[in-house]
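Got some structures for you, see below.
The two complexes that follow have chain A in common; it is paired with chain B in the first and with chain C in the second.
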Partner chain A sequence: MLETALQALLIMLDPLRLGFMLVGIGVGIVIGILPGLGGMVGMSILLPFIFGMDPYTGIAMLLGMAAVIHTSDTFPSVLMGVPGSSGAQATILDGYPLAQKGEASRALGAAFFCSMLGGIIGGFILFLAIPIFRPLVLAFKSPELFMLSILGLSMVGILAGNAPTRGILAGALGLLLGAVGGAPAVPEYRYTFDMLYLYNGIPLAVLALGLFAFPELLDLLVERRSISKSEEARGGFVQGFKDVIREKVLVLWSATLGALVGFIPGLGGSVVNWINYGAAMQFCKNTENFGKGDIRGVIAPESGNNAKEGGALIPTLMFGIPGSGTTAILLGGLTLMGVQVGPRMVTDQLTLLLSIIWTLVLANIIGATLCLVLTKPMARICMIPAQKLVPFLLVILIMGSYQSSRHWGDIIVFFTIGLLGWVMKHLDWPRAPLLIGFVLAKSTERYLWISMSRYGFSWLLFPGVIIIGIAVILLLWGGYQLKKRSVKQIMAVEGGHQG
Partner chain B sequence: MSSNSRITFIAALLLLNGWAAWEARSFAELAQFFPNYIVLFAIPLLLFELVREIKSRRSNPQGNGSTVEFRERIPATLASLGWFFGYFLIIYLVGFFVATGVFIFMFLVVEAKISWWQSLFAAGITVVITKLLGDVLSLDWPQSLMGSLF
Partner chain C sequence: MVPFAPGGGTDVTARALAPFFNKHLQGKPSVQVVNVAGGGSITGANTYELNRPHDGLHLIATSGSTHNPYLLGQTGVKYDLKKLTPILTIPQGAVIYVSPSIGYKEPKDLLKPAKPLVYAGVSATGWDVIMLLAWEVLGIEVKTVLGYEGRGPTRVAFEQGESNIDFQLASAYKAQVEPLVAAKKAIPIATQGMMKGGQLVRDPAFPELPTIRELHISMYGKEPSGPAWEAYKAFVGSNVTIAKPLWVHSDAPPEAIANLRAAAYALSVDPEFYEKAREALGGYGVFVGEDLEKTVRDIMAVPESVLEWVRKFLRDKYGVKSL
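Then we have the complex of A and B:
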């Protein structure tokens, strides 16, 4: 096995393949920086170029691109409060407040370093996990997948901060918005107003951009300040490195969780980063600064979303089940190059499988290094006054929004959701739960419907369902206890100050 | 924001949920369940939140400092929204590239008080980079009333 791994590494270190990997990484960095564009756009751009390539070279280019999107998407998340891709939504919660404090370089440094570590750890965990998790993933049916969606939804309660009712209601609003479009059970289109645009539902990218970016742009202009409320830039990327080294257990935990959740087809990157963020709030002590600029709130999702890339490849490569649009296009690309995916990848095509893991590792290292080089100049964006920055950001956001369905509806929805986001922000209604509800709406409904129609109510007694159900209850109970404890701590501190 | 705004927002959400339930009556049975479950869950919580907000308003009818601060923000917010609306409108009328050039130029001259030639340069560069990026990434642009003229 080790000999094959070394052989795969030598294949990937071929200068030509490294060159194509660099092309992929370059495209991936640009796609990640531009909000609204995701892995599918990158795959679509690169796919025509793989004709005639050998599988190792083609994979180096395609996966080089996919591996670094979740590294460079941190730039807009931290600097503008805009998710660069669906996998960077949770990073905003603490990354943007850090930028506002003038600590953008620290947040970016930590994010890139733990992204790199997460990608590497994820790759190795998967290398070890393939034989163990294969039977487990094959055993997952609709009831277990439904329960995993419920696990994701339980994060709503944790992320609701001091307003649990409002958080749950925001989550319910997200679920309702997620119900727009085609119903999974029957050929019925809901809440579409007979508009063709809404038949496929509201695009996730447009909703995320509107909900988080639009209100920030508006407030930046109104307050006439730069993104950073602080005049001086504190904490360079070296400080970010130190933070990551200090939180090494969190990095390892988040990367492992990210890789394992990525393993499950259909959950996607947008869920992984929320699960990681919520789990970090459970895992860490003194969580009262989460959401206000706690570096651990950047480290957890960023470690997880890069590790998830490796996990997401396993169902694609081992069972031919693409878990997302990106992996679906990758599957098409592999077929074009004559690669037959399936369980034989572990036996007959082990060198190719290991070369994929090496590509992930190398691309993560190169991608993070390139992003680190860009950190200083990009962090200066935070110091530019709003009047000089906002028009350019608005152009990028309109451009990104429009690419979701390439329909005027994207711009109208962006604006409408933006106004909703602005109102929610100023009324102290948490916006993250709305996004989680929206992300999980389709899978929750689909798996519930399949479970009910296939098993009636008997699925409630499935062992997997019971185990995940207990995990949900423990998570909520643990979250409640931690919250109670942190409120007591805050009151004790305030009491001490007053005394 | 003021307590009135909070109450109005909750009332709007109540109306939205009520409408969603009403609309769901016309769906096929299997398509009704999901929205109905959400609405059944959300409406009692919204009523609870509404009652809590009304009670809080009665206990503090003057509002707090943030109410005044919010009122002061309204003119500037409307002005900023005007810029955003204007940009969308020009995109709709003349297309993305011309609108982007005009919007950046006007915004930088009027809001950022940058000299007209520097603004013109920034607008030109933005349009060129956007066009190049669009060509490389095969991006699409919003259709305008002028159609293929621009």
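Then we have the complex of A and C:
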């Protein structure tokens, strides 16, 4: 195994292949920076060039791109409060406030460093999982997958913070919006009002951009300021590195959690960063500053979303089941190059499998380094006054949304959801639960439908279901305790002041 | 135009074909694949019919997901396959296999399996409709659970024991199921067969496996007949035989159509194509010319009474409401 690993590494270090990897990385960085574009766009751009390449070169390019999107997507999240891709939303919660305090470089430095580490850990987990791939995927049947979706939804409770009722309502609204379009399990269409555009449902990129990005831009304009509320750019990225090293345990288990969630088909990449953020809030000490600029609120999601690429490749390569749109296109690319995915990969194509892992590792390192170089110039963006910045950003956002279906419906949805997001922001309704509900709507319904059709009610007694169910209850109870504790703390402090 | 997102089966086939059309078409025009996804390919097909010039320079690649809604008359379909001329197609067969736990030794065992038959499928109006019709033709009881996300998950369901009878497309069967067969965890029992000259014949990629028609004969001693059987043949035609077709508008300039036909023929005898596009072909040959056009006309000529029967069948037995 070790010999093959070395051989695979030497193959990937071939100058021509490295060259194509750099092309992929370049494309990936640009796509990550431009809000609204995600892995699928990058794959679509690179796919036509694959035909005729040998698999190693093709993989270098495609995976080079996919690996670094979640590194560079931190730029817009931190600097502008706009998600660079669907995997970078949670980063905004603490990254953006840090930028507002003038600590953009620190946030970026920390994010890139832990993204790199997260990506490497993800690749490593992929490597470790090779012998247990199949039993692992086979262990999760429809009822267990349904329970995992419920687990994801229960994150809503934690992320709702001080307003659980609003959080649940927002989550329910998200579930409702997720129901628009084709039903996951039957050939029926809901809420399409006979518009063919809505047959596919509301595109995730448009929803995310509208919900999070639009309100920020609007407020920037209204308040007539630049993003950074203070003038100097304090705390360069070296400070960020030190933060990451100090929080190495957080990095390690965020990345592991990210890879694990990435591996479960149906949960999807956009949920990973929220789960990591919620988990960090649950298990870290002193979390009062989460949401106001705690660097750990950046480290947790950023380590996770790079690691998830490694996890998502497991079902893709072993079963030909893509975990996301990006991996679906990757599968197509592999077929074009004549690669057969499936159980035979471990035996017949071990070198290829290992070179995939090496690409993930190498691309993450190179990508993170390149992003670090870009930090200083990009951080200056925060200093630009709003009147100059916002029109430019708004155009980019609209173009980003339009990429989803290239239909004017994208733009209408973007503005509608944008207004909803703005209203929610100012009425203090949490928006993260809405997004989670939306993303998980289809999988939750699909797996519940299948579980009921197949097993009647008997699936409720499956051991896997019961274990996950207990985890959900613990998580919700823990969240409730946290809230009670923080309320008590606030009251104690106020009592102390008054006493 | 590919009415699907990039990376899917139709897209991969179109991209494999594109360079060879560039090579064989007169004038060597550059061939570009454009994806217009949406509505399960209905959006792209509508766009092709209504929004693209009928100049012979625009083609469309479709699949069963485009043909079935048309045949069934689903809402939203504005395209008419009868107004398109097929240029070439790559068939894609499917193999039906069962779990050893049902105690299968010969076709008659399907009537009294050791355990109730459970089938995991995707959608009643997709490729699965062939299987739903097959259960009717063979008169066997199968608990059908629809709603899985794709053929990959249904195969995983089989491995997990959530289902015990399944089918997979030829390429997936060879890659994923044959190892199971070797490990004695799956038994292939038939192929869906292929329509040729109005008859259901054996799948050329799996000549040793019988078809549904032969299973019926083995179980009942006579040929299958009736509306379910007519419907079965129609849908095998639309999904299997013309699995990945390339079409052009029939009212495009005749010289353009002639050029396309010639290029398709040249491609079908080009050894370089067979070598480079091996994966996309999945072991099948390319189907072109008069033969193809006649087959497609036959498929499109399904009597309305049969289609009405299928619509009623899907509405009553499987609760499909959008027909």
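In this text, the second predicted complex is superposed on the first by the 487 of 499 C-alpha atoms of A that agree within 3 Å, B and C clash if a C-alpha of one lies under 4 Å from a C-alpha of the other, contacts with A are read in each partner's own complex, and residues count from 1 in each chain.
Convention: a contact is a pair of C-beta atoms (placed from the backbone, for glycine too) under 8 Å apart; a residue touches a chain by one contact, two chains touch by 3 or more.
The shown structure was predicted, so the numbers you read here are calculated from the model rather than taken from an experiment.
Trainee: Have a look at chain B and chain C on chain A after the superposition and call it: clash or fit.
Mentor: fit
Trainee: Does chain B (first) or chain C (second) touch A:Tyr402, or do both, or does neither?
Mentor: A:Tyr402 sits against chain B, while chain C stays out of touch.
Trainee: For the superposed three-chain arrangement, provide the angle chain B-chain A-chain C between C-alpha centres, rounded in steps of 10 degrees.
Mentor: Between chain B and chain C, as viewed from chain A: 90 degrees.
Trainee: Touch test for A:Phe392: chain B only (first), chain C only (second), both, or neither?
Mentor: In the superposition, A:Phe392 touches chain B alone.
Trainee: Where does A:Trp477 make contact in the superposed view: on chain B (first), on chain C (second), on both, or on neither?
Mentor: In the superposition, A:Trp477 contacts neither chain B nor chain C.
Trainee: Once the shared chain is lined up, is A:Met43 touching chain B (first), chain C (second), both, or neither of them?
Mentor: In the superposition, A:Met43 contacts chain C only.
Trainee: After the superposition on A, what does A:Trp449 contact: first (chain B), second (chain C), both or neither?
Mentor: After superposing on A, A:Trp449 lies in contact with both chain B and chain C.
Trainee: Would you sort A:Arg166 into first (chain B), second (chain C), both or neither based on which partner it touches?
Mentor: In the superposed model, A:Arg166 contacts chain B only, not chain C.
Trainee: Which holds for A:Glu188: it touches chain B only (first), chain C only (second), both, or neither?
Mentor: Both: A:Glu188 reaches chain B and chain C.
Trainee: Considering only touches as defined above, state whether A:Leu221 meets chain B (first), chain C (second), both or neither.
Mentor: First partner only, chain B.
Trainee: Quick one: minimum Cα-Cα distance, chain B versus chain C, in the superposed arrangement, integer Å.
Mentor: Between chain B and chain C, the minimum C-alpha distance equals 6 Å.
Trainee: Jot down the residues of chain A that show up as touching in both complexes, chain B in one and chain C in the other.
Mentor: Chain A residues touching both partners: 44, 185-186, 188, 406, 449.
Trainee: State the interface residues of chain A toward chain B in the complex, per the touch definition above.
Mentor: For this pair, the touching residues of chain A are 30-31, 34, 37, 41, 44-45, 165-166, 168-169, 172-173, 175-176, 179, 183, 185-186, 188, 190-191, 217-218, 221-222, 385, 387-388, 390-392, 394-395, 398-399, 402-403, 406, 408, 411, 415, 423, 426-427, 429, 441, 444-445, 448-449.
Trainee: Given the complex with chain C, which residues does chain A contribute to the contact?
Mentor: Listed in rising order, the residues are 40, 43-44, 47-48, 51-52, 137-138, 141-142, 182, 184-189, 194, 196-197, 199-200, 265-266, 319-322, 325, 328-333, 335-344, 405-407, 446, 449-450, 453-454.
Trainee: Can you tell me which positions in chain C touch chain A when the two form their complex?
Mentor: Residues in contact with chain A: 5-8, 11-12, 15-16, 19, 33, 35-40, 42-43, 46, 74-76, 118, 120, 123-126, 145-150, 152-153, 155-157, 159-160, 162, 172, 175-176, 179, 276, 278-280, 319-322.
Trainee: How about chain B: which of its residues touch chain A in the complex?
Mentor: Interface residues on chain B, with respect to chain A: 1, 5-6, 9, 13, 16-17, 20, 23-24, 27-28, 30-31, 33-35, 38-39, 41-42, 45-46, 48-49, 52, 70, 73, 76-77, 80-81, 83-84, 87-88, 91-92, 96, 100, 103-104, 107-108, 111-114, 126, 130, 133-134, 136-143.
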